[in-house]
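Next, two complexes with subunit A in common: one pairs it with subunit B, the other with subunit C.
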Partner chain A sequence: MNALHQIDTSKRRLLKDRIFYWLVIAMAGLTISPIVLIISKLIAKGYKQISFEFIIRNTPDTYEAMTAISNNELIPGGIANGITGTLLMVVLAAIIAIPVGIITGIYLYENQGKRLANLTRNISDIIQGVPSIVLGLIAYLWIVKNVTNGYSALAGSVSLSIMMLPMIIRSTEETLKMIPQTLKEAGLALGVPYYKVILKILVPTGFSGLLTGILLAISRVMGETAPLMLTALGSSVINLNISEPTSAIPLLIWEFYNDPNMVDLIWSSSLLLMGIVLLLNIVSKQIAAKRK
Partner chain B sequence: MNSDKITRIVLYSFSFLIILVAGGMVFSLVGGAIPAIKTFGLQFIWSNVWDPTEGSENYGALPFIAGTLITSFVALILCLPLSLATSLFLGEYFRNTRIARIIGLMVDLLAGIPSIVYGLWGFYVLRPFLIDMGFENQGFGVFTSSLILAIMIIPYATSLGNEIISMVPNDLKEAAYSMGATRMEVISTVILPTARSGIFAGYILAFGRALGETMAVTMLIGNSNRVPDSFFGTGNTMASVIANQFGEADGLKLSSLIVIGLLLFLITGIVNGIGKLIIKKMG
Partner chain C sequence: MSEKNIIKIKDPILSIQNLSVAYDKNNYAVKDVSVEVKKNTVTAIMGPSGCGKSTLLRALNRMHELYENIETKGTVLLNGQDIYKLPTIRVRRMTGMVFQRPNPFPTMSIYDNVIAGYKLNGIRLKKSEKDEIVERSLRDVVLWEEVKDSLFKKGTFLSGGQQQRLCIARALAFGPEVILLDEPTSALDPVATSKVEDLLTKLKENYTIILVTHNMAQAARISDYSLFMYLGELVEYDKTKNMFTNPQDKRTEEYLTGKFG
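And now, the complex of A and B:
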């Protein structure tokens, strides 16, 4: 009787174990399903509109869009103003954030355990946690109010660059930590000046790691909408003047979403944005994987 | 002065710049917040009036603080089972396999999707789906926003947990196996208790993410300036009210929005601080 009972419980335990195993697999499958669903939705609804036209022409106005819809045609025009705006602001943000981020990362690496370094690292972590919309408010107060006296690409770039900074600082420090100390010591032992050790040994050796961090940071800020609403505002034409309001792809998606006539354009714009963001993501992951 | 000294000074000053930037952020937010704080005082935090009528302007942050905390908390609860299962999938069951690498990459890509794309998907796919399922009438509100937030924070909750779970020492697990434990029993009696604080820290950081999410929530929560009256009711969050009302704001209203931004800054700072503290304690 007792033995029979034991067989029974061990069977039940094994069954439970099996059920749990399949539950974990099912839940993990459910977790990644949104990415498949989102991408397939974007492709299914957006591919029709994507063309060369779409990349080189500015956004149409509501009236043009309405006429096209009533004639059952594709909405004319494209998002050239958004593409150029995104490029302008992201490049400018990168120009601000990359040197500051890398140099600070080097400082943190070189001063492990020191008080100022710990403080800087903690502050960088705090900045990383600040919601992007708050960074938008800050860039508004700094740049829109005081520097460009109006909404501007510069303000947008500043908000994006603050977002990029902590990511670059962290990836730089982590990358440098993985470089063998002996390499650096060899340089110093040969009497190479400190700045040359940094520029000729640390940076080149860790280059792919630094690049991964930078690309990931760029891919993160490229899709940001909220801070740009408070800083760059938007523009219906191509603008390359950093002190003027500028459009961006995410800003255009927001405008299309709010304009019933333009709604058809949201999918193609989102598809393009997602394509660029995911490409950057995957490229940076590939570089990181090769390093290992 | 020799070049080594100059190099050190350059490194030092850039690090100082970061501290300056952070200080400047707080300084500007507080500066912008002063007019509203002077007018409404501390009452701003628990007042639930949002009245922009000129002459009798009166603002309070309670509906938005409530909206932010409720949506983020519900999102966290919804994301718990999913991210725990994914962490186990990646860190235990299929550790170091090809399938884990692919699934891991897809989870990472979830973090790469822009907030506004999540919002569109939530609006055009998830919302109609919830209406069809009979959950909601209009599909806007706390529940829909929380659901989309849950998906958005999964990568943050998963990545830390997965790492910690895969670091649980093998001899602990083998000891349990040798006693005849099944895999599920090893997970529930050895792995989860060992990895507990790491998994918990991951959830706190994910919660911190949810607090500040703007666009997706703005598109789905219904944007009504009141404390949500039910699980399916509409509301507004701190981030979404800033996004919604900023365009037409000046004077006292702008200052009130900046106070909300400052409060959001503080709340996310505290939540992230707690998460980092737990991670630090683990060593």
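And now, the complex of A and C:
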């Protein structure tokens, strides 16, 4: 009787283990499946359009696209204007956000527990939660209205740089916190001035951590559309003048969506954007893994 | 107070006068310590955990000022100059410090670690001068033969004992008056420890060494003078031989015979 009872419970436990095991697998599958579905869909629908042409030529007009479709041909042209625009604005945003973010991160690290530092950290966290379109609105008021007197790449970059800031600030502070205090002491004991200890010892030691944060921030803003609608607006040709309206890959995707003749270009543009973002993510993960 | 056994030193290189250090107001970690240190000797600072050894040592190159609200009273004369009246940067360049755990700069090669004091301070040297300083410092710490073929590898690839000797070389490269070491062998194995000990006895020919140690046998082996601290107070200061054979204070005797520690 007693023995039977024991067998029973162990069987039941075995069953429970099994159920739990398959539940975990199912949940993991559920998490991964959207990504797999998205990527396979993008590849299936977009691969045909991807070519060298696609990267070096500007977007076609709707008439060209319509003719091509009625002749059962690939839509001509590409998204060179979007690629260059995205590059221009992201690089400019990084140039603004990296120094400001790193210096702020250093400031927070150096002033743990101080009131102004805590306030700064909280504000940075709040910015992280602000909807990106609101950041676009802010850049519109600051830059479009007052600086460039019209839609411009600069305005787009400013909105993206505000988005990047909190991520860079956070990763800088966290990275510096992980560096052993004793390295700082070693530097100071050699008579090295404080700011040089930070710039020449701590920052290089945490370099890969900072780089990871920057790359993640870049890949995060690369796909932003909403703030660019209010700031960079878009352009059908390549523009490298930061005070002029400029296109970007996500802006083009939105435009293609609104033009029945261009819908086919959505997939190839998204595939390219997704590919770049994924690559940045993988590179930054790789760097982060190397550190450990 | 006056019956304390604290010997006087003729022509000291370092003279600590009535030094008190508090981390918080009125909570003194070092209390009214007066000690003179003889040039070209090894002086050991001993005492139970928390008695203020590290605090005293760090007050000698003002590294204790990293902590906020620190309060320091008294005078420290290094070569006759009051270090509390000099810029901290100068004080720290006049002294070399070695820490409990080896801490070579992980982004720098062995070579760059040795001349880090020059590089980080923006002092430009000719290639030949740099080579000479690196070789001399590494020979001083008996590391040259082991690393001369891998000078441009990262210092962090070395063993713990080698890293610690590299850190001593880094402290020597700048030609300090005094070298301050805070339990430099406590993270090392016995072989590496004895190498560092041999090295310190050799280095005193050219430098003055002050060593914090938990290890009484180590103090007995390599130090010429010993000071014993208890609860922030200097209890006794004498030639190491006298201190170990004939301690004057009861607390010193109890510590040395292992009654507490």
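Quick note on the criterion: the second predicted complex is superposed on the first by the 275 of 292 C-alpha atoms of A that agree within 3 Å, B and C clash if a C-alpha of one lies under 4 Å from a C-alpha of the other, contacts with A are read in each partner's own complex, and residues count from 1 in each chain.
In the analysis below, a contact is a pair of C-beta atoms (placed from the backbone, for glycine too) under 8 Å apart; a residue touches a chain by one contact, two chains touch by 3 or more.
Computed from a prediction, not measured in an experiment: that's the story for all the values here.
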Tell me the contact category for A:Pro193 with respect to subunit B and subunit C: first, second, both or neither.
both
A:Leu116 in the overlay: touching subunit B, subunit C, both, or neither? Say first, second, both or neither.
first
For A:Phe207, using the defined touch cut-off, is the partner it touches subunit B, subunit C, both, or neither? Pick first, second, both or neither.
second
Pick one for A:Asp61: touches subunit B only (first), subunit C only (second), both, or neither.
neither
Which residues would you name on subunit A as touching subunit B in one complex and subunit C in the other?
193
Given the complex, residues on subunit C that touch subunit A span 61, 63, 66, 88-93, 95-97, 99, 101, 103, 105-107, 116-117, 120-122, 167, 170-171, 174
Going by the contact rule set out above, which residues of subunit B touch subunit A in the complex?
3-4, 6-8, 10-12, 14-19, 21-22, 24-25, 28-29, 31-32, 81-83, 85-86, 88-90, 93, 103, 105-110, 112-121, 123-125, 151, 154, 158, 182-185, 187, 208, 211-215, 219, 239, 242-243, 246-247, 257-258, 261, 264-265, 268-269, 271-273, 276
Where on subunit A does subunit B make contact in their complex?
13-14, 16-17, 20-21, 23-28, 30-32, 34-38, 41-42, 100, 103-104, 106-108, 110, 116-117, 119-120, 122-127, 129-134, 137-138, 141-142, 162, 165, 169, 193-195, 198, 219-220, 222-226, 229-230, 250, 253-254, 257, 266-267, 270, 273-274, 277-278, 281-282, 285
Tell me, which parts of subunit A touch subunit C in their complex?
180, 182-183, 185-193, 196-197, 200-201, 204-205, 207
